[in-house]
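A, B, C, D and E label the chains in the order they appear, each numbered from 1.
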Amino acid sequence: MIKLKNINKKFNKNHVLKGIDLDVEKGDVLVIVGPSGSGKTTLLRCINYLERPDEGSISIEGFTVEGKYPSKRDVLELRRKTAMVFQNYNLFKNKTVLENVMEGLIVAKKMPKKEAREISASLLEKVGLAEKVDEFPSQLSGGQQQRVGIARALALNPSVILFDEPTSALDPEMVGEVLAIIKQIANEGITMVVVTHEIDFAREVANRVVFMDGGHIIEQGTPEEVLIHPKHERTQRFLKRLVKEPDYAI
Amino acid sequence: MASGLAGWADLFIKVLDKLPLTLLMLGLSLFFSIILGVFVAIVRIQKQPVLYQLATFYLSFTRCTPLLVQLFLVYFGLPQLLLAFNIDINSWDRLVFLVIAFSFHTAAYLSEVFRSAYLAVGRDQLEAAYSVGMSYPQALFRIILPQAFVISLPNLGNNIIELLKDTSLAFTIGIIDIMGQVRIILGNNHGMGMFQIYVVISLVYWGTCILIESAIGFLENIFKKGRVSISRQ
Amino acid sequence: MSIINLEFALEQFPEVLKGVPATLAIAVVAMIFGLIFGILISLCRIYKIPVLNRFFIVYISFIRGTPLLVQLYVFFYGVPVLLDFLNEQIGTNFDAAQISPLIYAFIAYTLNTSAYQAEIFRSSINAVSAGQMEAAQSVGMTTAQGLRRIILPQAFVVALPNLGNTFIGLIKATSLAFAVKVVEIMAIAKIIANDGYRFLEMYLVASLIYWVISWVFELFFAWAENKLGRHEERIEGNAA
Amino acid sequence: AGNEADDGKKVIKVAISDEVNPPFLYADENNEPIGYDMDYMKEIEKKLPDYKFEYIWGEEESNLVGVDTGKYDFAINWFFKNPERQEKFLYPEHEFGYSLTSLVTKKDRDDIKTLDDMVGKKFPPVSPSGGLRAILNAYNDQHPDNPLTLESMDSPSNAENLKMVDKGKADAMFINVTTFNEIQKELDLDLKVAGIISKEPIYAVYSKENKELAQKIDQATVELTEDGTLSKLAEKWFGVDFFQDLDYINEKGFNFEE
Amino acid sequence: MIKLKNINKKFNKNHVLKGIDLDVEKGDVLVIVGPSGSGKTTLLRCINYLERPDEGSISIEGFTVEGKYPSKRDVLELRRKTAMVFQNYNLFKNKTVLENVMEGLIVAKKMPKKEAREISASLLEKVGLAEKVDEFPSQLSGGQQQRVGIARALALNPSVILFDEPTSALDPEMVGEVLAIIKQIANEGITMVVVTHEIDFAREVANRVVFMDGGHIIEQGTPEEVLIHPKHERTQRFLKRLVKEPDYAI
């Protein structure tokens, strides 16, 4: 479904992704964890070519885009197969909450306005923002903005959704809601790649987990394998803090 | 010349009579220069090889040489040039030459206005647009330009008002606009009553300028939705 | 016979170059003071300082709305009248004839460009996100400190292309100062041209000089934009 | 230039200058050009039925550039002739009128009669363009050791300049007699024509390519001068036939001294 | 130490804070939890008057500022007693990482540059950013930016530090570091107010917890009282998701 081959990315001299290979099956929820600065966001952004890899190829549903200077048309097609939830939300500042969600439907998918509005409104209700549809992003709290971002991606109903820390600004209640939504759409066969640092959330949502550090994939497998019984020393150290203080865990 | 109230009123009427012509020149030039300006700005932002060099040269030439010279080039030079190809445009209305010259001139300035405004819109906005599957033109017209437009409005105001005043050059090629009218009157009087005449022309320009400013202010209010200023505190 | 006599144009070059100092003096002086006043005016407008905001709205409107030529005349013809009046009323002994026309030009051009620059800064300051000021205040800066150290440097980058427009416009607008006896590039060109009606040649010479001067400043502005904007991850073209 | 009008006449584009100068050339209520020049043109038109003249207002410089580039066929206002200009443009052989240039001073001054008297004295600002400037420049070229001091200014106002002389801020103004008379009618300043400097023939200015047209008009001009038509026009607009010599003109009261 | 009295704040018709009263003792670490949109950020921003409350008063160390239009001087003094870590980081875009941290020291505290640089560099090392000191914020990952924000606030060494979800972009390892730092400076007598939705983190860092909902304080007490044995039904519901799925917790 998604196939990354030998993805390399440098920012000047900073070699951020060092030959990443990755396969994701249809309907998979792949979770990427790893320390801050390890390249998770960069990898996610390479998948829809918001960041151009210096080397390597990306296939989604058999459609392949390759190298640093692919054609605009190819990139557009790749992007239309994906949607993304950004780490810092990136809402359209000049559009209301409802318009933010409708925008992609109307413009990229050429959906009639009425239909787009219905879909958007119902998704916004799902994430608890029914009251805020006519506000602008600048009037929302952090968590509210993040939920708009999630709704915007879901609305597109693409083959692949890329989530960059989608619950970072959400309280446990909301995390539960998002979890439920992700599980539900995974059942509908949508493939998802989720970057998160919330290990609890990762365990519940993932059916595969990748652990990254320093631009490499260190370890991958089921949530059990990677998050509970990690083989690699680096992974163990990463997860240690949580294990070390069992008296606070429930 | 007649003085007193009747004199003033007479002067006003004579000048105002030419205002529609001035506004017509302003409107037409503005329309074309906005289109060309956006295009040049985008070419320069994208740095596409040959087009970029061309646009930069165009920008430099039109910004850095006197408008009068450009007007001469278009009005006197262009017909000669075309005549060499057996195209005779000497019979075209002078207004056409004027609008061509002014559009090219103003577009250069506007392209910098738009370029700076475009760059002031965060990159995150473009990425967001891409992420929902928009092509570049779609992102441009639906997300980036509307935001850039608000940022550019005060500068747009500056340049429209400059253009308004530049239209007074129309008279050099014989279009009698409000300034041309004034010069004829001044000539008839051997420069007497200069004070009165300049008061009138200033008032007419100022009045028009206030109209432009109100329109800009109105647009700023409409388009600023969703933006937060540092003066919020 | 060719329309343009290049030899004649070349011969006159050095003579016209004598106008460069006047042009540069007016443009640079007006630009620098205009910058300062422009920023101050824009802040009064952004922060809606009670009386000043209203005043400057009218000021900007008036300055932009009336021809620069008229503003020059106001000082050129107005100041002597004022001085005469003062001399009569309080027995002072100012001599308007002693005031160099350049001074009138400095004042008129500065006041004029201030209005335009105020609008430039109003738009660029508003383009800086509000969070930046909040951050400045959260580390204990006063509003003035936050403006100086955080907001204005960022606003400057946005403003630069427009400041470039204004400055180059100013260079060319100095030709109007001939109306108050300041003899700069265009004035010399016109004077020479009149002898043999060689307007085309002299316009060519003047244009080239304007172009070269402006071009140097264009390069400077582009350089400054790059240098000051290095912190920004700028939205570029449609690549990726 | 050179289009056919509907009636088969050849259209001639004539540039007329905004630096108008009544009664040579100025505008009526509807911005239509009138004055001595226009009456002269009408007479020419009668003589040359093949042509139809179309008049275009414009700035003087722009008009000359237009003639130069062939946009206009010729320009008319009150152009003086000098060798440099003749190099550039085609001047007809015969003038169609005269302009009298003079020095104007305060009524009680007797020290200024000629340009020589003005060396070391002060003129009001002079326009960079126009025939008067050309005469002053020519003087300076001939007297490189004792030049006149000239201060230039874009479109100075004649009225303001005369006021300067009136207030003693300048010694004398170099001005056309007709212009001075017109202004004096309005302002009635304490000024007089201190001396006539020259009687300058005035011409229309053609582009070098327009030989044929210039010749035809020149021919017509000679006829109009000889049959006295132009003298009548001069009487009509100036109150004096300036085709006569200077003494006659002075006698007739071109001089505004009472 | 911090005393809030009857804080009310409306955004147009949206009544966000409804008469909040709150006392925080010197050296306390007060954690505020609550659902998204409940007014946590707004409350925090009221404490240093980034948001002007419509009503109410705020005292820090006995210095009181009151009402909607206090004098600028008072507000400045209040702000100089506090520092803040923003939910969306708000780093100075035109300053490098190091300059971001130094800025407040040099400008507001008039510290000599050399000293400021030393303090800043050592704090940045503490949060693991020694290598990034000369980069601009736009070149940092989310977690890196957040850590700069934390370092910037700590450097000021104020009486009160306000943290708005300071660990939202941090991985478990880093959360551990931040936790340690907060505990350490609490021992030095600095008072902290921390908004977070990471309940684990809240438990470990807090010595008092406030639960907010709909602009009201619903419940407050020790972490034990509020987070493990909540009395109020709303609090219980909020925390339920975590309790309900014990099989994933460690």
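The rule is simple: a contact is a pair of C-beta atoms (placed from the backbone, for glycine too) under 8 Å apart; a residue touches a chain by one contact, two chains touch by 3 or more.
According to UniProt, the chain labels map to these proteins: A, E = Amino acid ABC transporter ATP-binding protein; B, C = Amino acid ABC transporter permease.
Just so you know, these numbers come straight off a predicted model, no measurement behind them.
Each step here moves to a touching chain, and the least such steps from chain C to chain D number 1.
Distance from chain E peaks, on a Cα-centroid basis, for D. If you average the CA atoms of chain A and of chain E, the two centres end up 27 Å from each other.
As a whole-number value, the distance joining the C-alpha centres of chain B and chain C reads 18 Å. Chain B and chain E, compared by their mean Cα positions, are separated by 50 Å. Taking each chain's centre as the average of its CA atoms, chain B and chain D sit 37 Å apart. Of all residues in chain A, those touching 2 or more other chains are 50, 72, 88, listed in ascending order. Residues of chain D in contact with at least two other chains: 61, 65, 68-69, 160. Multi-chain contact residues of chain C, defined as those touching 2 or more other chains: 132, 134, 137, 143, 200, 233, 238-239. Chain contact summary for the complex, chain B toward chain D: residues 72, 75-77, 79-80, 90-91, 171-174, 176, 180-181, 183-184, 186-192, 194.
The residues of chain B lying in touch with chain A in their complex are 124-125, 127-136, 138, 142-143, 146-147, 150, 223, 225-228. Within the complex formed with chain C, the chain E residues making contact are 48, 50, 72, 76, 79-80, 82-84, 86, 88, 90-96, 103-104, 107-109, 136-139, 152-153, 156, 158.
Looking at the complex, you find that chain C touches chain E at residues 131-132, 134-143, 145, 149-150, 153-154, 157, 230-233.
Interface residues of chain A facing chain E in the complex, by the touch rule stated above, are 11, 33-37, 41-42, 87-88, 128, 139, 141-144, 147, 165, 168-176, 197-200, 203-204, 237-239, 241-243, 245-246, 248-250.
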